[in-house]
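Think of it as A, B, C, D, E and F in the order they're written, each chain with its own count starting at 1.
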Amino acid sequence: MKIVMAIIKPFKLEEVRDALTGIGVHGLTVTEVKGYGRQKGHTEIYRGAEYAVSFLPKLKIEVAVPSDQVAKVIDAITTSAKTGQIGDGKIFVYAIDQAVRIRTGETDADAL
Amino acid sequence: MKIVMAIIKPFKLEEVRDALTGIGVHGLTVTEVKGYGRQKGHTEIYRGAEYAVSFLPKLKIEVAVPSDQVAKVIDAITTSAKTGQIGDGKIFVYAIDQAVRIRTGETDADAL
Amino acid sequence: MKIVMAIIKPFKLEEVRDALTGIGVHGLTVTEVKGYGRQKGHTEIYRGAEYAVSFLPKLKIEVAVPSDQVAKVIDAITTSAKTGQIGDGKIFVYAIDQAVRIRTGETDADAL
Amino acid sequence: MTIKNWIRAGLPALATTALFAAAAFAQDNPATGAEATAEAVAAVATVDKGDVTWMMVSSILVLFMTVPGLALFYGGLVRAKNMLSVLMQVLVVAAVMMLLWVFYGYSLSFTSGNAFIGGFEKAFLAGVTTESLADTFSANVKIPEYIFIVFQMTFSAITPALIVGAFAERMKFSAIVLFSILWVTFVYYPMAHMVWFSEGLLFLHGALDFAGGTVVHINAGLAGLVGAIIVGKRTGYGKELMPPHSLPFAMIGASVLWVGWFGFNAGSNLEANAGTTLAVINTFVATAGAIVGWTLIEWLAKGKPSMLGAISGMVAGLVAITPAAGLSGPLGAIVLGFVASIICFFFCTTIKNALGYDDSLDVFGVHGVGGIVGAIGTGIVVAPALGGPGISGYEMGAQVWIQTQAVLLTFVWCGIGSAIIFYLVNVIVGLRPSVEKEREGLDIVEHGERAYHS
Amino acid sequence: MTIKNWIRAGLPALATTALFAAAAFAQDNPATGAEATAEAVAAVATVDKGDVTWMMVSSILVLFMTVPGLALFYGGLVRAKNMLSVLMQVLVVAAVMMLLWVFYGYSLSFTSGNAFIGGFEKAFLAGVTTESLADTFSANVKIPEYIFIVFQMTFSAITPALIVGAFAERMKFSAIVLFSILWVTFVYYPMAHMVWFSEGLLFLHGALDFAGGTVVHINAGLAGLVGAIIVGKRTGYGKELMPPHSLPFAMIGASVLWVGWFGFNAGSNLEANAGTTLAVINTFVATAGAIVGWTLIEWLAKGKPSMLGAISGMVAGLVAITPAAGLSGPLGAIVLGFVASIICFFFCTTIKNALGYDDSLDVFGVHGVGGIVGAIGTGIVVAPALGGPGISGYEMGAQVWIQTQAVLLTFVWCGIGSAIIFYLVNVIVGLRPSVEKEREGLDIVEHGERAYHS
Amino acid sequence: MTIKNWIRAGLPALATTALFAAAAFAQDNPATGAEATAEAVAAVATVDKGDVTWMMVSSILVLFMTVPGLALFYGGLVRAKNMLSVLMQVLVVAAVMMLLWVFYGYSLSFTSGNAFIGGFEKAFLAGVTTESLADTFSANVKIPEYIFIVFQMTFSAITPALIVGAFAERMKFSAIVLFSILWVTFVYYPMAHMVWFSEGLLFLHGALDFAGGTVVHINAGLAGLVGAIIVGKRTGYGKELMPPHSLPFAMIGASVLWVGWFGFNAGSNLEANAGTTLAVINTFVATAGAIVGWTLIEWLAKGKPSMLGAISGMVAGLVAITPAAGLSGPLGAIVLGFVASIICFFFCTTIKNALGYDDSLDVFGVHGVGGIVGAIGTGIVVAPALGGPGISGYEMGAQVWIQTQAVLLTFVWCGIGSAIIFYLVNVIVGLRPSVEKEREGLDIVEHGERAYHS
């Protein structure tokens, strides 16, 4: 099993969720994060104080899936989260050893 | 070493923390997240606009432990976080290569 | 490729970011988290109710880097995030299988 | 008529004397006197526009106390998931009470009936027009009856709204609305009639209550306590953290309560004279004394003075000075506020925990206890020897006993009445949502919305 | 002069009669009469300090409605990233309107010119001093002209600020400021002149409008609708979630609107008499009726009564009672508020969605629709048979038709005027920021700041 | 007595003349005159209920300015971890000041003593009753002394509270309370006595100050500056981001300041006459001019007009118009507000950074600098040639020099006094918490609570 973790633009959440359910992935976890990268930030001014703000609001999505679905998931996310403009975000994939569903104690693929 | 990452219901935090300290785990990190899964959400209505809200508030807990404690940790979490109702959450386990304590530079098991 | 994940004190963010850009790392993702560990919390009192608050505000930083840069990144973070006092935080490193840049579809090292 | 005796002569007398097509006015009030038929009036009743303005301002201030004041004070203290439910309860309860007041509340409270309740002759404000006048405490000084109705309406609107804080975060909206309707009808209107109307049971007994300590605060505090006990504790109480979700909102709310309370206390004088300014200064300094009181005692007892403590003291002081607002000197007011604050502190932090009930927002601990301290303390601080204005035939022991009796009667009437109504409401619509729903939060479950989105 | 006919005699008459070095005062007003040259005055004009106080309070209350009231009510309903832009728009628009009022707005509205617009004789308040007086609706009762100017200024400040809610979250700040300047000049001042000035087109036509339902609410609601349509929908409208970011702020704002609205409605009587207290009670109970109305209908139609619904009803009720504030009995006011609330509910939840335009904060749905219901309803509830005070020569059908004509004229004047101005502004500075910028949020893009930091 | 000269005759004269058992009243004020012994009074002193109402309203408004107004304006601008500490400081400082005012502040400020300070004859309000009257600026027009005491009390409560913004986020609560007690005693009461009391040093010198620009704003601004320098910069200042945690709260606070400021400025006239309405219109339009001023200059200089800028301008304008409120025509007020706003903008954005001290919330940059511009500008805008009401024997150069001298004396007295007190407090309780504690935030460290929980 793998976790596909994606950093996306906040307003893309609904589209990504739809794309994932479209390919049969019905569970995911979302975190509000701030991202720093090539996308340039903005300047905020509060009376005399100017701040160059380089962290931009992003969402992190984590989806645990059986390894054989990873490609499909990546594809769904890239397609639905893309605007073509700098700052669209990244996808990272890493392996997990185990998955457990707390309610039932089911493990691994059954737990997802 | 492994990281045990669990998605739980928010009001279960204190119980899970107690269960973990009960088995000698004295460090963890918590993140507020939103989860999407089988647990059904609710509808919100703001004047004319109805929203089907499918993301529910959850907490993500991350605990880094030596590999031999993983089973015990999973057990402690499943026991304490369970309500038996849909949406109790998941546990995912993945391996980490290294751990470092910033303050001292200690590494691996010493760093936890 | 690896992800270096660090839990740090919130006011250290700018210094860590500077240290990382100093060694050529130009992307990272930050999450507000709450940490539990050796650093002792505080007590809050709301009229009759006293709460021992053991979760402290921390920031989680995630940086994806080619494996050969991990040591340098760990070094930059430990140096810049250290205050020498309990609660400075931890660094965890884990491997990722893939990385994708959503905008271009570039993968792995090119995606970072 | 001097300040020494007008309180006994009292507030209840006034609304009964609405004069239709009455009142000759002094030459300087040509507008309001426009249609006065001078020959119809023996005594020279005057309406002063300064009084009219003050009573309009006072009524608006009491509305301001209710929304957003009370709503925010309460709302800031609950968890975010129940924020809107509290705002909604305070707002809708107040609105429904306003309608009932026009329908039959004013009539039941302020017309003749028996010693316990009035009649229906002014139901739906029958017969009231812009020509109708109401008495004040000064002979021949009148105000338009509409503004007297409005001013009293705001009191009947805020009182049931005060109660909801006691069982915040765990009662169904339908239950709260139904309870309020029954409670105002069977507990509040009779109490108002008994205390404020010239033919009421308590009126002639001689209890001092300048601005409603008994009818409003003890009444609401006790009803809250009864409700908190009957409905039971919040799920997770004592085990989970339930800190206030926004103390800044609570602070705004408390401050607005202070600001609005001048309408409540000084407006109760029904005109804008020097006695009114005494109520104003007391409402300032008793509150200041109470803020300092809670801050000091908490600093000593807990090691740190909290902002929540300071605003809790603020409200306790306001409650305590309510019955004494125009019946104390400023120094007496400071002492009263200070002492009430300290007693409320011990009640909320120690006694309540010992008793083990869950009064979510300390409605009893602040309004009930503060109200009792104020009611009894009024019998003390009124003493001329203590700088008070005095009343005719004053004797401290006797007065304190009269005050205590008024408190006891309120306890009996309100305690029994409230308990019956809660049981009734439980039977009819049920008091509590399911545990699952309570966990999810009343905002989503009862109102289909959430307070905050990012 | 009775309440039955003073409305027709009307508000517009008064400001025209500023007397310089005039007015003998009754002995009880020695201060204001200090310099009066008694021999210059035939009639005995009096200034009552109760009236002066009431008008100062009323003016302050209308400011309070605007900031923070309206600003928060609107700001709480937008997404967090646009919060400051809304606060800024309301604040700066109101400030600019105040300056324009002094520069030429007062003069264009309240001096002689033609049937559509006044002249420039009082531009920059030429000739106005502390000696200048303005008429009220009562013969020989005057108020200082400065306070009349201020009171009317607050109306002209809040009206354009009301409009911005319709296209919140998507219009450029420069466009909004420019639009407001042109709109107040070419739409508002003429409407005010036509409706409120004694030589204005609509004034003699006999339409009833106690406190500005037409000039303020229908006018603003329609301009908002026109703007919302011309500027187009918000990016993502209908696809992305756009829930209110802070309903507690919206609730504070709405409550402050209610509190402040007493200045608006009861202040419009220009003095503090019994008629003013009628406007006060109506502004209480119509609103209460409207809160209950929206709550009930939403409970029935959607299954849950929401806090946003209750405060939407509150505002709808306030809008509806505005033209009828002193022209209805309390029961008529309750019915008017209740009915307006239900009509606005259906409009905002059903009709608007069917029509498909994006009026971000339902400015038309609440102010426009509520204003129309109120304007026409005023012609009904004024009927003595329904408990209203009546007007001389009243006939329901005729009056309703007059009221409807006033609404229609507003639609024509404001609709065409607003459309032209929006097109003009689009040409000069452009109405919308780029889609990218709209996504980022107007706070950062237009104002370089963010509302919240942790 | 004309508006042209009553300012010089002045405010300080009035409180000294509390008449006991005095004052015959006109027949239309039967209530307040109830116990007057007519034969004891030669001149006919009247109390008008319109004045009483206005002064009560004004006092309530100044409380509203303080809490929640000032508290929120300041609180919104700090980081979330220090929010409650600011609310607490403003609230408790104000409460303590109210008690001191009753204890000895009123007596020291408004009774005879020497040229610098009064005596203790009215300590604990000795001798003051509901019969006591205070003078206004009009001959024979009186108000109850209690309301004069209250009104002045609110001034002495808000002034020390203004100071805390300068060293927000880094001073111990105990230090702030102790500082305030000493400062009000040794700096504020003497300044109030010197400026406002008829025997005070500055009173006879002829400086114009309608509502307290010198005693309140320059005084507070300078004390803040001294404190900010002595206590040192916030840890991390210049390196870490310290953006306002909630600009909406700051906006609510600023708006409430504006609303409340009418009590401050127009209440300073002590009665409700045409001169009061001049202060009202000026408090509207000077502020509007200042909002527009800061918005425009920031748009030009920084590329974007910010909401924080607009409300900063708002406060700067309010400060600047304070000394000139009743002493300027509306056009002069607009110019004064506009100019003050632009000067404060440059001070806060450029000069302050160049000087390098850390005045957390620009207390000096807005209140100090705005106060100086206002104080000196009053000498200019009062000129009849510029539309001002003028004063007898006016000559612009001379008046500006007198105004400047008043500013300089305030600088010397307050500067030296404040510095000594800060050093003293540092010795007694210490000014700053440890760096660790400052990092954790004063809310938890000093008050044991947090502002927000989810």
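The rule we apply is simple: contacts are C-beta pairs under 8 Å (C-beta built on N, C-alpha and C of every residue); 3 or more make two chains touch, one makes a residue touch a chain.
This structure is a prediction, so every number in the text was calculated from the model and none was measured.
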item: Co-neighbours of subunit B and subunit A - touch as defined; value: C, E
item: Shortest walk length in steps over touching chains, subunit A through to subunit D; value: 2
item: Result of counting contacting C-beta pairs for C-D and B-D, higher pair; value: C-D
item: Where subunit A and subunit C are represented by their mean Cα positions, the distance between them in whole Å; value: 18
item: Between subunit F and subunit D, distance of the C-alpha-averaged centres to the nearest whole Å; value: 32
item: Euclidean distance of C-alpha centroids - subunit C vs subunit E, Å; value: 53
item: Separation of subunit C from subunit F, taking each centre as the mean of its C-alpha atoms, in whole Å; value: 47
item: Sites on subunit A at which at least two other chains make contact; value: 31-32, 44-46, 85, 94-95
item: Numbers and ranges of subunit E residues touching at least 2 other chains; value: 27-29, 48-51, 53, 57, 241, 243-244, 246, 252, 302, 304, 306, 308, 448-450, 454
item: Pairs of chains satisfying the touch condition; value: A-B, A-C, A-E, A-F, B-C, B-D, B-E, C-D, C-F, D-E, D-F, E-F
item: Subunit D-touching residues of subunit F, taken from the complex the two chains share; value: 26-32, 34-35, 47-53, 55-57, 59-60, 63-64, 67-68, 71-72, 75, 83-85, 87-88, 91-92, 94-96, 98-99, 102, 124-125, 130-131, 144, 146-147, 149-150, 153, 173, 246, 249, 252, 443, 446-454
item: Residue ranges of subunit F in contact with subunit E within the complex; value: 1-3, 26, 28-29, 46, 48-51, 53-54, 57, 61, 79-80, 136, 138-141, 241, 243-248, 251-252, 255-256, 258-259, 262, 266, 271-278, 280-281, 284-285, 287-289, 291-292, 295, 302-308, 310-311, 314, 329-331, 334, 389
item: Contacting residues of subunit A [partner subunit F, same complex]; value: 44-49, 51
item: In the complex, subunit D residues that touch subunit C; value: 241-244, 302, 304, 306, 308-309, 312, 348-350, 352-353, 362
item: Touching residues (chain side subunit A, partner subunit C) in the complex; value: 2, 6-8, 31-38, 54-55, 58, 60, 70, 74, 77-78, 81-95
